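Look at the two complexes coming up: chain A is in both, with chain B in one and chain C in the other.
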Partner chain A sequence: MAGLPRRIIKETQRLMAEPVPGISAVPDEQNARYFHVVVAGPEGSPFEGGVFKLELFLPEEYPMSAPKVRFMTKIYHPNIDKLGRICLDILKDKWSPALQIRTVLLSIQALLSAPNPDDPLANDVAELWKVNEAEAIRNAREWTRTYAMGNI
Partner chain B sequence: MGQCLCCDEKDGELPSLSVPPPETASLPSPLQPNISVDRDRSFPSHVIPASEASHLRRMLPHIDSLVLQTLAVIGNLVENDQETPPSMLRLQALSNKGHGWLLVLHSMVNVIPINEPLGPAVITLVLDDCALPAKDSITKVPRMFWLSAKASKRGRSDPNRHRNICIALGCIAEKLAGPTSVALLTDSTLDYLIANLDPLHHPSVVLFSLIALEKFAQTSENKIALNKRFHQESQHPLLVLEKWKLADDYMKRQVGFCSEWCLDNLFVSEGRPFTYERTDTSAINVMLNSQDVSEYLKIAANGLEARCDASSFESVRCTYQADAGIWYYEALIVTPGIMQIGWATKSSKFLNYEGYGIGDDEYSIAYDGCRNLIWYEAESIPHTLQQWKPGDILGCLLNIDREEVIFSLNGVALAPNSQLFKSAKSGFFAAASFMSFQQCEFNFGSKPFHFAPSGIVVCAFNDHALLTPEQKIILPRSKKLEQLRLTNIHEDSCSLCCDAPAVITLLPCRHQGYCSGCARQLESCPLCRSSIQERAVLSS
Partner chain C sequence: MHCRSRILASKIDPHLTPSAGGHINCVRNHKERFCTKVWTKQEKKSTMSNNDNESDVEYSETEECGYDDYYNPCNDADNETMNQKKCDPEHFEFECLTVDQVDRLLNELVETLSSRLRLTPSLSKLLLHAHNWALDSVIRMYLEDSSQLLVQSKLKPEKPPVVKTLSKTLVCPICIMMLPKDVFCGIGCSHLFCKGCWNTYLETQVMHGVSTATECMGCSVMATEDFVLPLLATPQLKERYVRHAFSDYVRSHPELRFCPGPNCNIIIRAKENKSKRIVCNSCKTTFCFRCGSDYHAPTDCETIRHWLTKCADDSETANYISAHTKVCPKCQICIEKNGGCNHMQCYGCKHDFCWMCLGDWKTHGSEYYRCSRYEENPNVANESSHARAKEALKKYLHYFERWENHAKSLRLEEQTLQRIRERIQCKVMTGTDGTWIDWQCLLDAAALLARCRYTLQYTYPYAYYMDAGPRKELFEYQQAQLEAEIENLSWKVERAETTDRGDLGIQMDVCEKRRTTLLQDFLES
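Up next is the complex of A and B:
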């Protein structure tokens, strides 16, 4: 813990004091830059009822560069690949230091409600999402049941 | 403690495969048939469903060879962004289907040899790069390896395999910290790991069991269970192992280091003073800087020995800065794996997660005695000295006046290297980076050097540096976190760093709330993204 920046201390304090509904983010006991995140699948989405684990890491340059976030629970989603990497503009070129851990996690929750197959990361999933959305949603429900229920 | 015959065998010798150990031969349960090394190592048909068994059984020799291929190529992977080797991609693909992940795990445990310095790193790397296992696969792990206190005893005759099991358990516990880690730490897993701490085990089994326990303890629920369990034992096992810190055997020395670190940081035992409270640092004037280190590096209370057990590439600088003259220090190599030890300025960045450390930018240079390379600017050139082994002494000489760095191993020196001085002329620190499970001890001159360079007068940091008694304290993590919680943040501070006062208004958008340091790093406004023409100082 190389002199933890106050910004991180402040965000952590606020995350603990006023958690975001449907999201929990807990700093690792040994590394205050590493957060164990749990996001509940949004209502009305094929991920509803699922509980998704993510890891979030604040790199040395944070907040000048974006947090690194990845799904640890398998998920069938056109913008999330097999290794849990997320295709989301604010995590890449659209990052702004005014964004926070809290806003990033809210965006990810929103991405679960509104998959975007036109900007895919998982090509096979995106393809199916475009040509046969009903089947894709069935798959997403099935994966949610298999990997994201009873895993917590 | 009950005795069994199989415990009398010497470490490292395989027992006869045809004779099952007597203690288990009479168990009739289908889950515990005649237990032998043979069964332990064979296809885990007891956890693989019949529908997949025949296919996967055929794959097993293939998976074994992919693991060995990966092990063979990993030492040659020197570029940080080099492509993943094909054998590793195949393993990833296999682990992604059905029970393939279990089989990849099983195979790694069986075939990775104990004397291969990169073995532990490969287990960690492969598990890290494979798609995540389903919970169902995780819950089968303890059963697949037949984990129990008895298995631990039996394991004394097969330290290779049991060391690998412990590495894998630790890696999964770390990767899946949280409920999955709790699910994996069943009573039998716990019995197994605690029994492995018996000093009669091969020290590498003890070491990696301890590291596995440390990783399980990253999840609070496990930590509570572990602490409770330790206190039920007649004697806290770590209090016994802690004494190995000064052992001549370098494997035991690692156990001692980790035990002490765990007792200070994780498994705090009542009545045992923290190591820093009873370490005499009066003769030590320079240390590894506990404020200038990446997150997971462990530093001993004397500030001179460091170790990494994380999967990241952890780095540290020393406390003293050299700006002119000729300087020398030595590092005692405790583990033979990948470390990059040398010199760095403050501009050198520790990007532990990206795998960048000392020698990976233009502000640092490092010696790597495992892959036999000199690193500068993330590029490497081979050198001709022997591969290092535990007990070797690396010498690092910095001649600022002549703009030269000279590395030596056990007194045999390489030719001078001047690359570092292309980008830096002063402000040098001793610095090092550590891959998983690597450890070394620095001597900045508080003890006599083993191989002081001849024919040249060198300075030692310890003769020139000074630290206050407060600066010499390397606080245990729990105490550090306590200090953090007490930190206050002023309301008028910069909205980006929350540290310096917010005095800047960005023009033309007029958004404000930034300090000058942060504002200088911005290209566009964090709020409206409009480009910045001026950073005006706000007068209030």
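Up next is the complex of A and C:
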């Protein structure tokens, strides 16, 4: 792709040279703005042992507007809906051009470790997470086993 | 959900649910118009006197004589205007300002602050904006601890900025370009970015409507207009920034509120932030100063919001049930009301009845008007949850029906006015019954009628959320009184055949007194 901004080139180079532990982000061969992302479920979370596929796209205005990120693997999480859309402030109104792909992916990893049912996207999941956390965590483990293991 | 409510509702009163198409057709065929009969003066008088005979004589006497003393304690001619402020519960002092006037007003505050504290005007502006334009308290806080105030207001970084390097070039963290040091700038925190990146960032912010809330790209320190404006490339962008910033300033100022009228640029200024009536002097929109929505006395902002949400949720069902038609209680003919007061006379059987309660009209002449009152079922606590749900729906429908009925009447107001104008035209042209000037009082009466109906409409949400008790009884009593007087006025306005201004004037006065009394007693002060 012609005219890829220096910023994107530099970020991609750094992601490849010093990858974030537990996360891999590889640009698509055809489109340097589209990344295939794989995030490992953080240790100690109900997603542990799972491997989650995501897609990340850098829009034309990047870095003035936030990257678009979506889970491709089904996940039982109060801030991620069934289409894989993520409720994360830095992807919306708290985006700043000083943030990077790296920081976004780290935030998503942190969100898996610490779900926030008070700011829900998937209402039914959030409800259960608040009312009966043990059962919600069981569900999340179950989904991780069903959808996020051995699929890659 | 809808289905369930519908079943419940039809169990309550099957008559209200139009079940067969035939009924609806009936409406067209037998459109009973309560105004169809032309009442002559004699007939009207005889009806009135009939009612009088039935009613308590003492009651009507107290109405005529005791009123002025009781309801108008400050009637002294000397200080009437002065006391009007105290007497009128709806009185509210406000002024309608233009954008320029408000601009001047805000600038005066900014200048005072910047000269007192030796700050730049643009910093003073943001400081005042962050503290709702409370000049005195900003000055006090600044003198106590200027640094803490600026940090708290996000106008200064928590730690003083670190000047990093002495080299002539820097790498911009946004575009990763190595550039000469002099193209870098920042808001006063330690974050420096190249001008090109600032340009694009600020343009994006302005295009998204962000102005006073513009932050540094690296932290949350706020950008002042002195910083933003020179970095915006085009005059259009600058203008847009200034416009958005102005709106933000008005919104943060507790004494100011934009007129909600479409395309109206007037800004209302009032000293107190109360839910009082504002009438814009430019576009004539009437609204509540506190919440900006339609004026809603005696109900408060919170309650009316609950009520309107509730109506929006339930209105489909309720609409279906009331469905614009009712059946005549005597001959069961289906009737659609398209205007006028609640005294109906059936086209078919000539039965006189009340549109609200479908009771015989004769019972409304004596005692007080009872059909604005909702009778709570005292056994409700003992009944099953199903019955309670039914009761709750019934209660809601009771209030909603009355609310909607007045709203409907108000919507028909333009037609009523048109009819009155035509009648005046007709009277004046035939030349027997007074001149055009003589008839103008009818239009005043119609305006008053609309005002009373409006207040009355908003008493129903108030009553709905009120707890049972003596206060509610008093409220419903006054509400019923107002209902009754309005019906009388409506009757008189529709049937005025002569320029008997005395009679009409008394009725108008009574209505307005009833309305003010109700507001005086129940409008939150």
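The rule we apply is simple: the second predicted complex is superposed on the first by the 151 of 152 C-alpha atoms of A that agree within 3 Å, B and C clash if a C-alpha of one lies under 4 Å from a C-alpha of the other, contacts with A are read in each partner's own complex, and residues count from 1 in each chain.
The criterion applied here is as follows: a contact is a pair of C-beta atoms (placed from the backbone, for glycine too) under 8 Å apart; a residue touches a chain by one contact, two chains touch by 3 or more.
No experiment lies behind these values; they were computed from the predicted model shown.
Colleague: Return first, second, both or neither, reflecting whether A:53 touches chain B, chain C, both chains, or no partner chain.
Modeller: Only chain B is touched by A:53; chain C is not.
Colleague: Counting only touches as set out at the top, which of chain B and chain C does A:123 meet: first, second, both, neither?
Modeller: The answer is neither, since A:123 touches no partner chain.
Colleague: Would you check which partner chain A:72 touches, where first means chain B only, second means chain C only, and both and neither mean what they say?
Modeller: Once the two structures are laid over each other on A, A:72 reaches chain B alone.
Colleague: Just to be sure I read the superposition right, which of the two partners does A:6 touch: chain B = first, chain C = second, or both, or neither?
Modeller: both
Colleague: Between chain B (first) and chain C (second), which does A:132 come into contact with in this model arrangement: first, second, both, or neither?
Modeller: After superposition on chain A, A:132 lies in contact with neither partner.
Colleague: Which partner, chain B or chain C, touches the larger number of chain A residues?
Modeller: Counting contacted residues of chain A, the larger count belongs to B.
Colleague: Figure out whether A:103 sits in contact with chain B (first) or chain C (second), or with both, or with neither.
Modeller: neither
Colleague: Taking the contacts chain A makes with chain B in one complex and with chain C in the other, which residues are shared?
Modeller: 5-7, 10, 63-64, 96-98
Colleague: Which part of chain B faces chain A closely enough to touch in the complex?
Modeller: 96, 129, 131-132, 134-135, 175-180, 218, 220, 223, 265, 291-296, 349-351, 353, 477, 480-481, 484, 487, 489, 493, 495-499, 518, 521-522, 526-527, 529
Colleague: Show me the residue ranges of chain A that touch chain B in the complex, using the header's touch definition.
Modeller: 1-7, 9-10, 28-34, 36, 53, 57, 59-60, 63-64, 68, 72-74, 82-84, 96-99, 146-147, 150-152
Colleague: Taking the complex as given, what residues does chain A use to touch chain C?
Modeller: Touch residues, chain A against chain C: 5-7, 10, 61, 63-65, 96-98.
Colleague: For the complex, give me every residue of chain C touching chain A.
Modeller: Per the touch definition, chain C meets chain A at residues 173-177, 191, 197, 200-201, 204, 215, 217-218.
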